[in-house]
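For reference, the structure I am asking about is given below.
To keep things simple, chains are lettered A, B and C as they appear, and every chain counts its residues starting from 1.
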């Protein structure tokens, strides 16, 4: 090797500065939201003192509690449905021919590529067209659709990382397809499935645009409710509620991520 | 803690009688009020009521009181515009029992056959409805709807700002953007009708299909670049003085004044819109009896006043005056002087053709911001 | 390509039919209906559509009958479309400039820290976009932290960013950052630094070695990132709605308005179809470019 001044090609001083700055940019606004949630003043941006009253406000507000319930009523069925369908899709896709593969990729990518506003108004028109009253059923149907691609990601990643040998060993030992599926495939995929479910749940719970257009009587979900609050009654209660939502879905996603990462170690 | 409401206004009933006469002036056909009195008025037997209301337009405490008195549980959902309400209803949302459409929307819904004929005027408390609100153009004889809150849309100014303080007309308003910070409602009816008024169009002609009038209005709007175009958050912005001028509902101003006494409500010299919101029952509502009980309950003087005290807008229930807060009764935007009363006229409810012209003007204007 | 030989445990392809069918119905049919609606007329009263065929909604995107009676090019919606490109484009460039250093930096950290750093990048991405956009709104409020900072910097009180197009772009940038960082990181992580070291050994300067070896290598990630930021940015709704003060309109806002106050479902549908076509176009464009690159490498 030539003896030039030893340079660490892996270190770029400017890059670390930019990185710290970017992380700051990523978290500062969120930190601000959390900070303002403790502002005793009605006008969040003008700090006059520390208080947890807005949290009490939120927790005792019947409409908010109802909105949370509604979000759960939608997210839980949508999660179960989406994860099941995602699992089926992941497994079935392994054996798809080329054409089937292409069609599948398009269908799976569609909810992600098509702007959500289009899907939202489209779903509204669709339900109107078939006479399905907008409300919980419509919400679950619509949420399931866009949750499937997300649920698939960890499942597929997990499947890819599994070795064929486990399956072949089981086959060699005389197990039939169904048994292999039940006693080898499913347990091995389980962490991925769980991660996918958590992801789907968080996506559904946080969804706004579709829920805004498709919600009906008594089915206002939490993000839609928050949007209404932002529109009409801006107090730090919104910050308190947002903080709780951040911690809630953040926690769930953290778990999903941790589950997914386990296999990498 | 009083929740902030966007629409807060109270107007002394006598003072705006002139405006109301305009509302009832046309047409003579009145639905037969003798109909639907045969069945006895339902009694409360528990159950539920699904109320679909504007955001922050009714006191949660009042709803709790209703539940305590009648045993009927109230589920509240909210919407932000009449068109959203209409779209939801026409999209097959059949779960609402009581909705709160504005004047022109009631008229459209009646025409579309979307409302139940419940015969409000023959309710036990139907006699409490202010006579001025009985023969309104959207529901003569009050069969489909009961009056809820009403108000006007004028101009809020912060008197400490020199430019803002000089505003007395819509013309001033549309010129003020270059002098100070001005907000405006995101409502095409309000913005375009104000521009039409500023260009000299009379109240009776606000639904004109004469395009030259719109061209004139367009000239006024062309140079107008407000700070914010938003129907929400206005109270907050005015109170913390992010903005000095705002096209606002007078009840919002009532609320602004409470937190920032330097603000005042201006009745523009060219005239301003008067609107009235109503309680109605969509066709096919599941809990019609409970809906009737609720509407009847809201027509009692005490409950009418409670609504006013919360929202800050006027109600059309006779006898409610004695239950209203003094701060509301003394608000000049609510306690309207006779001269100001003359300036008020109903919000235009136009034909599709005229409305399209409104939309066209509004879209052109917003796209040039 | 033949069907892959069945290995044990692979079930069969019919497992995929149900989910695909579900997606075809819940995504495909709404799109078909919207396309159909775009060719229908407005009803005389109320919302929805009247079953009368007309292509006028598409014409209306480009042509309008002006108030003075003349018919001519309608710049309003062209402006909205242009704005969508502009704001999304600026946010794409901004995120790209920030993301490349961050991605490379994370990729060059020790393995045990990388996992945590990637998690930190990912977390905000997964939280509600509504809350994140609201966070920007509170941040940019001139009466809040921003106001205090600008006063301190001598830029005067009431330094106005909120309710301007700048605020919308800032919002878009902020919410899209993770989408740009993650794909580039995925590429950067696989980069073999020995290649750069070899270039350096052969006499290249440090930065030159890096950029002429590293950048091409992470370009798949860059393209992916661009796709993930620019294309959804075109269809963005919340940023302009909450941060633009009603004055910044992107395509999604006009669509929403037409399904709301403006009550013109056919027109809203036509714009939606238009937006979808734009989205598809850019998706295909980028995917073709990516494929070319991967083919060229072979």
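As a working rule, a contact is a pair of C-beta atoms (placed from the backbone, for glycine too) under 8 Å apart; a residue touches a chain by one contact, two chains touch by 3 or more.
This structure is a prediction, so every number in the text was calculated from the model and none was measured.
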Dominant interface by contact count, named by its two chains: A-C
Maximum centroid distance from subunit A, chain identifier (CA atoms): B
Rounded Å distance between subunit B and subunit C, as computed from the means of their C-alpha atoms: 39
Between subunit C and subunit A, distance of the C-alpha-averaged centres to the nearest whole Å: 17
Multi-partner residues of subunit B (each touching 2 or more other chains): 90, 240
Per-residue overlap in subunit A, given as positions that touch at least 2 other chains: 43, 45-46, 124, 128, 230
Contacts with 2+ other chains: residues of subunit C: 48, 141, 143, 259
Contacting residues of subunit B [partner subunit C, same complex]: 81, 83-84, 86-87, 90, 108, 111-112, 181, 186-188, 211, 214-215, 218, 225-230, 240, 242, 352, 357, 359-361, 363-364, 366-369
List of subunit B residues in touch with subunit A within their complex: 1, 3-6, 50, 52, 55-56, 60, 75-78, 80, 88, 90-96, 232-233, 236, 239-240
List of subunit A residues in touch with subunit B within their complex: 43, 45-46, 57, 62-63, 66, 124, 127-128, 131-135, 216-218, 220, 228-235
Footprint of subunit A on subunit C - complex, ascending: 1, 3-4, 6-20, 22-24, 26-31, 33-34, 37, 48, 98-99, 101-102, 104-106, 108, 115, 119-124, 126-132, 134-136, 138-139, 141, 143-145, 147, 174, 177-178, 181, 193, 196-197, 200-201, 206, 209-210, 231-232, 234-238, 242, 252, 255-256, 259, 265, 268-269, 272, 275-276, 279-280, 283
Subunit C partner contacts - residues on subunit A that touch it in the complex: 1-2, 4, 7, 9-12, 14-16, 18-19, 21-23, 25-30, 32-33, 36, 43-46, 85-86, 88-89, 91-98, 100, 103-104, 107-108, 110-111, 113-119, 121-126, 128-129, 141-142, 144-145, 148, 164, 166-168, 170-171, 175, 177, 180-181, 184-185, 199, 202, 206, 208-209, 213, 223, 226-227, 230, 238-239, 242, 245-246, 249-250, 253-254, 257, 261
